[in-house]
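Per-chain residue numbering starts at 1, and chain names A, B, C, D, E, F and G are given in the order in which the chains are listed.
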Amino acid sequence: MVNGIERPLDLLNQSKGKEILVQLKSDKQLVGTLLAFDIHINIVLDNAKEMQSNEVKRSIGLTFLRGDTIVFISPASTALKEEK
Amino acid sequence: MVNGIERPLDLLNQSKGKEILVQLKSDKQLVGTLLAFDIHINIVLDNAKEMQSNEVKRSIGLTFLRGDTIVFISPASTALKEEK
Amino acid sequence: MVNGIERPLDLLNQSKGKEILVQLKSDKQLVGTLLAFDIHINIVLDNAKEMQSNEVKRSIGLTFLRGDTIVFISPASTALKEEK
Amino acid sequence: MVNGIERPLDLLNQSKGKEILVQLKSDKQLVGTLLAFDIHINIVLDNAKEMQSNEVKRSIGLTFLRGDTIVFISPASTALKEEK
Amino acid sequence: MVNGIERPLDLLNQSKGKEILVQLKSDKQLVGTLLAFDIHINIVLDNAKEMQSNEVKRSIGLTFLRGDTIVFISPASTALKEEK
Amino acid sequence: MVNGIERPLDLLNQSKGKEILVQLKSDKQLVGTLLAFDIHINIVLDNAKEMQSNEVKRSIGLTFLRGDTIVFISPASTALKEEK
Amino acid sequence: MVNGIERPLDLLNQSKGKEILVQLKSDKQLVGTLLAFDIHINIVLDNAKEMQSNEVKRSIGLTFLRGDTIVFISPASTALKEEK
């Protein structure tokens, strides 16, 4: 699963088109499909949902997210698996 | 809906002239029509309204917003759809 | 009203000599006449007044304001219209 | 009074040798005579006094103040006028 | 044990493929296998677990972590040894 | 006393070898003899003491202090005079 | 004791291989042997211990510490002397 990750951004590149969990510096989380990112870790999510304590709080759809608000990005979180 | 988004700023470019939801690092949100943005994600909104807990708190009209106060920008939020 | 705003700083340029509302990252606001600004969004206001909860707290006259303390700048806020 | 202010730093330049009020990001304020400043808005004050709620808390004399702790600088604050 | 560490990043380089403890600026910690890092100390962890007060709170699997959220990284923490 | 201060760093240069008061962004203060500084306002103090509410809390001796934690540096504080 | 300190980093250079006290922006402190540092004040400590209120809370061994979390670094703190 971890083949081809030599630099941190390689993981984001592999995650394009897939559902990811984004933990924000506030306690909120966003879940959505990763469409694009840049070197500032600004990202665009499709079908984004704002979550708090594992519950969907709000659907925000197509969303631009500033990189400096992010703690971590996980394409493989159990939080994502549990949802399905 | 997501055609043509290769870089995060492409979404902002597509959203010019449309109503967007802007989530600030404080818990406030601004809703307004996106007129302009730059690489710092400084933006100008027309007919901007300051919202808290989905209620309009204040009309602030034409507004310059500093990029470093922004968490996310959504042109497709259900919060926007519910208002109409 | 929005003619000629292609980049965010165009709005500040159009607002020179006019009264603006400046929302700070602290909950304070300044109201005053915009005299000058630079690319860091450092600004100079004339006849500046510090406001909190829509009340004038202090007259601070001619004032230099650091850009990194600003959330938004509005030349057309209803807060300004209500005052007149 | 506002002649010659084309850029924000022009106001600081005009204020050299004069008493200024400096509002810090903490709620403290410094009052003192502006001796020098640089592009980071680092400043040197002479006869500086630390104030809180309009009362002198401490005399700190000749003082170097880091620019990134400043909200605004006012050479014409009523707070200064009331003191005299 | 400390051979070959002339610059701070040498320790991260030696820790590739090993389990590390990452203390975040929030009180949370992540434990996982270090796969990659860059000069911003952005890192990728495999089999990452979010911990609080030495208890596993959530499995987040393969994870990209922004460098500016990190306090310290320890490949040799007793917290790791106690777990085994 | 203020001769020769054209730029803010001139004050730090004049204060080398003298006792200074350093106010930190936390409410703590350090008092010590200034040995060295750089353009980031990183400084080295000798015989440094950590103070809170004008009382010595801890002697920390020779100390490297990061510039981004500093609010102001005063070589002439009455806090220093009162101590002697 | 202070010979040879012309620039702040000279103190860190002299402290390599010695035990140092590192005060973090959070109220925590780390004590350990300084192995390496860079211009961002990122450091590597050997035998690092996390302390709070002068008590060892956790042994974290060999540790990479981000520079932007540091307030001060003291190779000569009485806190260190008292421990021995």
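In this text, a contact is a pair of C-beta atoms (placed from the backbone, for glycine too) under 8 Å apart; a residue touches a chain by one contact, two chains touch by 3 or more.
In this text the structure is predicted, and so the values were computed from the model without any measurement.
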* Partner chains that chain E and chain G have in common -> none
* **Superposition of chain A upon chain E: rotation angle, C-alpha, nearest 5 degrees** => 50
* So, what's the distance in Å between the C-alpha centres of chain D and chain A? -> 44
* **Centre distance in Å when chain B and chain E are each reduced to the mean of their C-alpha atoms** => 36
* **Chain centre separation in whole Å, for chain C relative to chain B (CA means)** => 20
* Structure fact -> chain F residues touching 2+ other chains are 68
* Ordered ring members, chain A first, chain B second -> A, B, C, D, F, G, E
* Asked: chain E touches which residues of chain A in the complex?
  -> 1-2, 5-12, 21, 25, 41, 67-68, 70-79
* To do: Could you please specify the touching residues of chain D with respect to chain F in the complex?
  => 24, 26, 30, 35-38, 42-44, 46, 48, 58-66, 68-69
